[in-house]
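There are two complexes below, and they share subunit A, which is joined by subunit B in the first and by subunit C in the second.
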Partner chain A sequence: MIPNPNSDELNRRQFLNRFAKAGISISAACAAGFWFYDAKGPAASINKRSEIVQFDFSIEGLGQKMSIVQGEDRAATLRMALKLLGGIETFIKKGDRVLLKVNAAFATPAMLSATTHPEIITEMARLCLKAGAASVVVTDNPINDPASCFTLTGIAEAARKAGAKVILPRDDLFVTMTAKDAKLIQNWPVLYKPFADINKVIGMAPLKDHHRSGASMTMKNWYGLLGGRRNIFHQDIHGIIMELAKMVKPTFVVLDATTTMMTNGPTGGSLSDLKNTHTMIVSTDQVAADAFGASLLGRSLDQLPFIGKAEAAGLGTADYQKLNPVTGSTSTKSSSEQP
Partner chain B sequence: MNIQTTRRICQIFFFVLFMWFCVVTTLGEQWWQLRGWPVNWIIQLDPLVGLATLLSTRTVYAGLLWGLLTIVLTIILGRFFCGWICPFGTIHQFVGFLANRKKSTAKKIIDNQYHSFQSIKYWILIFLLTVSALEVAIDIILLPSTYPLLFGILVLGLLTFVVYIAVRQTSMNPKKTGLMALVLVGVWLLLSFLFNGHETSVASLQIGLLDPIPLVYRSINLLILPLMDQTSLSLSTTPRVYDGIWLMAAVFLSAVLLNLAVPRFFCRFICPTGALFGLCSRFALWRIGKTKNDCTDCRLCEKNCEGACSPTSQIRITECVLCMNCLNECRHHLMTYQTATSASGEIVSPDFSRRQFLTSAVSGAAVIPMLRIGGYLGDNWDPALIRPPGALSEEEFLSRCIKCGQCMRICPTNVIHPAGIEGGLEGLWTPVLNFRIGTSGCQINCIACGNLCPTAAIRPLSLNERLGKNRYAEQGPIKIGTAFVDRGRCLPWAMDRPCIVCQENCPVSPKAIQTHVVFNTIDTGAKLIVAKGDPVYIEFQETIPNMNRFATGDYYAVILLQDQHPRRIIDTWERGFRIADAHPFESPPLPGTRVDIRIRLQRPYVDLQHCIGCGVCEHECPVPGKRAIRVTADNESRTREHALLLKR
Partner chain C sequence: MIHKSKNISRLQTVLSMVILSVLMIIGAGIWIAQSQFNTAVLQKGAFLPKPTQKKTSSQLSSNPYFLPLPEGIQPLTKAEIFDAGNLSDKINGKAELYLSAGFTRLVSQRFKDDGTADLWMEAFVYDMGNSQNAFSVFSTQRREGSESLDLAENAYRTSNAVFLTHGRYYVEIIASKVSEEERQPGKLMAVTFIRNTPSEKAALNESALFPEKAMVKNSIALIASNAFGFDGLDKIYTAEYEFDDHSLMAYLSRRGSPAEATKMASAYGKFLLAFGGKQIETQLPIKGARLIEVLDTYEIVFSHGSYLAGVRDAVNADQAKNLAIRLYDQLKE
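Then we have the complex of A and B:
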């Protein structure tokens, strides 16, 4: 066989070409291998630390304030209760982005009072927007199907009517996090993303009986920020309510006791569970609001250990009288103001 | 020594080494048992394991870096792994040889023809790799919203490229390319705002289904070695059992028996690792080829061609497994392994069109999100899916497990089994604990599975971490589930029979199974009226049938209306009994008084705080069929969402 010089030359060039490409491939493979090399292996998923959060939307220097207004018409009592504290402008400034945390727990009509009444949602959203708020959103992670809850309770319609936006608790709105100084809320999914660009939060809760905790009021209302299989926290209901109240410092809370669910809570289900108590409470102190609510429910404070726990944790005052609540009434024209 | 003999020695060496690794993966003190052999080495050499886990986890875990060596050597030499090392390949080659040795040369040449279906393995490879690359793909899709700057740079680069081809007037049409670039950027932007991170988009690793190395490991370990347990060559004291083995057996047998039809059927048509090697061998520096184009065309070189790569004509480099058989078959010594390409030309790309590539890639990307609509990673998780201690949370676990069965092999108690579809189709053959079979529950002081797992789907735990000791004291022991008492089946609860085997065997301290003590009155079938008695002895007015059954030490007597405290019966006669001297009746029972005989029952309940779900209780429970205490994955520590108890 006589070697063909041309063919040899061709082979040589081909080989060098391949040699270069093989070299590049090998370097790339080695670079990738060493770049991504992990000698230790993964950490336990559960031990990955989550962000520590606190939702503080309270207004500095405002102190603890509370107003209690008697009357049947929710919009009117709410307006007056706010007015007695200096008007909505005390809390909501121009350009504020407000979140209303309502209780939309059950897919039942508003008249059963298991959820925040649509009338006060419309009124609150209207007042906020009137005070110059840039936006108002309404959210909750209810117990029953979210879309059904917001629709059947009338909350969605109420919000829309006033120009507020409803945020349904979609999976991607939850963030796994740990509440500050919390023992229970650790690495737990929390409905966090709706709060991302919010600067004022108003908790709006109906006054209800609650089988496990004794009463569902403004502090228990934050349960609706928890995601996941949150019902394991019922093993320590008073502890979790206290931690929730510690996690969320709202701008103020509204406790609607116009109609109180006295029995069969928190679902109710019958008008015979309800009692007209014709009271609207607005407070910057959720402990005080709940303590007052307890009196309307006919419960003593030692029947509701979460109130004592919250007070001991420095979250507010159980003796609401200390706040010198301003009282009023919409049924008589002359509102009696605190001396 | 000719090259074929060298190859055979190499194959035998690696096959014996592999079998040795399988054998020594046995707990014990014998010289042939666990002695620190690198039993995962052949898995680690398999670069598909490394590449797929790199895509699914963005890491190359410890020993998987060995795969790099194989890749580098393949880039230089070609598919040497298939022809020289792969134990599954060796099995195929040997079975193929046995099956086809009597065939005529002409028939053999026909059998070893290249077949266009050989491109199926590339479909499989691309499909399986896209399944693993799901998360990476979504990261890339999300780029415009997560790293807008990087996205901007990429778009700019693309624009520059379009401008470049427009200016340079290359063969590409700038208008068409520009339009395509625009559409690409538009779709990319659109998708980036449509997607939001969700558990359904976490990568899944499915290469283990067909990757030959995990396949051969699990087939030998879980199928062949247990068969040997029925001979005197048994490796284990108790014959090993593996739940749901039939499907693995079916796959293994099919793969082996198909050699009867076509030699190396699996390697040629199915093997995704072979396909990966095929792609890597494109630039191989040395390759099989002819030194001269014109030959007699006798095609003897194809007679024993293992890869069916057509060495006579244009050799398909991607199919050649370097068996070197053609070198010896050629009477004219035209075949050689050289740096030059074959004189008859060669084909360096697999027979695989862009359209086929896209079909495989798109189906691979779609299949896992589709399967996950079943919700198995969310609320619809199966509590029967008890994973070994140290297993990562389910979605991370599924992105690492290669179904090699090493954990099932090493588990000293044989409680780890290949899962069926309880965790969804993608969890097929992943490890799941079954406490009804095996020799005990999951041993509290054992951390073998996690330390063997080649991909850390089960993390390597230290004993301290498993037990929650020393610096792990605060987080407590690793829990794989929780035991639940079925009061309708439990002997003391439902049948008034003493038992508490579960409490006895609970290995944690303090015990996670505690008991409520109750004394239940027995219906003796007769009235027990005292005829005479003293502080430790009673005689009845009538004979009581079967009185001796109350002498077991579990029965107690109570004198009604006198002293409610039950006293243990230590001896009986047909008309009376004696109680222990240490606890006599307060006053001798009066004639005519009624006596109850009660059985002392300790009724078990589980202290969820301490239960780790080891399943020893379930294994030992004397209720033979469906046990009266059973473990489910509730409260397993690997997933916060499965927590059942509050931390205290």
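Then we have the complex of A and C:
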């Protein structure tokens, strides 16, 4: 059959021609789609070579030490707690550059005990400088606006009064990092740069109830080193606390239980949420410090799984009695020395 | 040779151009979306919360809830507004309590008292969606030993703060100091809030059905979800009772239908048995009631009509039965 060039109908040749072109177009589109397809999805960070981080500021050979002092005056109990462990000079040497990691999470007044109390910040900074520290810096990445938090809690003024410097978190102080052997802290922004020139780190936390984790103590305090949308870690709060404790080995920690937030934590809000427990704990073992804190809160270790997880990870001992804690009291001026 | 001009109509050409244009727009959209990938995943530029995450009003005095302010009280900061996506930026771990109870919005603002040195207050207005949700967060945080206030159906104050519900709102006014001076402005601000804020009348709920005898004052609470560690139990009203120096709890929850209430009672009973509970055979004048001993305490769970009900934490079976029967009698009425 001879095709009629003036006809609008397709002839066989035209049909095959168009069929082939359409087939090639469809194949090309599929090939392009396959080329762009990424079965793995995007990486969790723009920084593909995330640094493996381990903050180790512990003092080699010092071992696990713990002191527990009763008393109302925070500065006095802190001084005695350190004295019972050999004095601040056991930990801080001349020329040390010290970082105090405080809990400045909320822009609330110090009396609500939702944040580290200014009195122990002043006293700790003063003691470090007296021991010969070259510098003392105070930092945290709060939940609320940092400037408001450091101001309204009295922490900024407390640091300034003792000659310490406050470092407020800024974008450029965070580095995307992966904690060693971590499942959660991978390619995550960490408040790293304030630690860059530091050789001693002291964690200073208040003892609080916490709606999500059951308690907020010295290990939970490291949560303030995380940046980004860190609240997603609340889905595995006990896992993230354990990983943070693994990521940071401090020189020692201070757990301030002078006034404990027993209910409605971590924010509290009313003085009736608080109880005077008049205790200051200093320890090189943050697991032991938290285990003791749990007893003051009236919580069993089963209710605070992060303690068991941290112990299982080899970060310390939940049986704080094994450390033979040295105890004392500022009100009676008596103390029982470690055997 | 093919004469294309004759085979392709103008309509086909126009349609082709339209289709190609649509494809180009879709392609451009995908390109833009990819370039702005979710920062929660990539963490690109998300090291600190961005100012846009926390909305602030433009003027210091723009929070209308508390206007006019008491004499001497001035705004200290702008009002901040938080939604379900960023509530944890304000209250961290406590956000779960509000989110599970139906939270929709928080407006917070700080105020200072010109007449009292170092006194400032922060007011939190939580919009919980309805009065039941507001009561839930109010009741589960109620402070022991607080002083009831008559300015709202649910209101109390402590030495530094005022707490209340008003319609769908839960309000906290927290002061930085303890003094008589700060009590009055906080209470006055609460009164102003109630006057300025229309609210629907609270619906009748299960709290009116608890037996009154031996009930601990102000002990009624509403657990929004995951009550008693059991995922299925939500919207559970509880009340504390004191018998012979022992405390125990009664609970109630109106379900969608009698069948649902029966099913829930059965599921909770199985949950207790699965976690070490032991069913005790006993005679109770409540159809389908189960007495279960668990962790050295006694529980009774039953349903009546659309109500799931029960007793917990009793130190002996007689106490549990006594309260359960009284609760059942109330429901029958």
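By definition in this document, the second predicted complex is superposed on the first by the 290 of 339 C-alpha atoms of A that agree within 3 Å, B and C clash if a C-alpha of one lies under 4 Å from a C-alpha of the other, contacts with A are read in each partner's own complex, and residues count from 1 in each chain.
Operating definition for what follows: a contact is a pair of C-beta atoms (placed from the backbone, for glycine too) under 8 Å apart; a residue touches a chain by one contact, two chains touch by 3 or more.
This is a predicted model, so every value here is computed, not measured.
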Original post:
Looking at the overlay, what does A:N276 touch: subunit B (first), subunit C (second), both, or neither?
Top reply: neither
**OP:** Considering only touches as defined above, state whether A:Y37 meets subunit B (first), subunit C (second), both or neither.
**Re:** first
**OP:** Please indicate which partner A:P109 is in contact with in the superposed arrangement: first for subunit B, second for subunit C, both, or neither.
**Re:** second
Subject >> Partner chain(s) touched by A:N187 [first = subunit B, second = subunit C, both, neither] >> reply: both
Original post:
In the superposed arrangement, does A:H210 touch subunit B (first), subunit C (second), both or neither?
Top reply: second
**OP:** Answer with first, second, both or neither: which of subunit B and subunit C does A:Q235 touch in the superposed model?
**Re:** first
Original post:
Which of the two partners, first being subunit B and second being subunit C, lies in contact with A:S25: first, second, both, or neither?
Top reply: first
**OP:** Examine A:Q321 and indicate which partner it touches, taking first as subunit B and second as subunit C; both and neither are also allowed.
**Re:** neither
**OP:** Go through the superposed model and pick first if A:I143 touches only subunit B, second if only subunit C, both, or neither.
**Re:** second
**OP:** Return the chain, subunit B or subunit C, that is in touch with more residues of subunit A.
**Re:** C
Original post:
What part of subunit A is shared between its subunit B contacts and its subunit C contacts?
Top reply: 14, 42-46, 171, 176, 187-188, 228-229, 232
Original post:
Which bits of subunit A are touching subunit B when the two form their complex?
Top reply: 1, 11, 14-15, 18-19, 21-22, 25-26, 29-30, 32-34, 36-47, 171-172, 176, 183-184, 186-188, 228-229, 232-233, 235-236
Original post:
Which residues, counting only subunit C, touch subunit A once they are in their complex?
Top reply: 1-3, 6-7, 37, 39-48, 54, 77, 88-97, 110, 120, 122, 141, 143-146, 158-161, 163, 172, 174, 176-178
**OP:** Quick one: which bits of subunit B touch subunit A in the complex? Just the residue numbers, please.
**Re:** 50, 54, 57-62, 65, 67-68, 71-72, 75-76, 196-198, 280, 282-285, 291-292, 339-341, 392-393, 396, 400, 456, 459-460, 475, 637-641, 643-647
Subject >> Contacting residues of subunit A [partner subunit C, same complex] >> reply: 5-6, 8, 10, 14, 17, 42-46, 105-109, 111-112, 141, 143-145, 148, 152, 169-171, 174, 176, 187-189, 210-213, 216, 227-229, 231-232, 234, 237, 263-267, 269-273
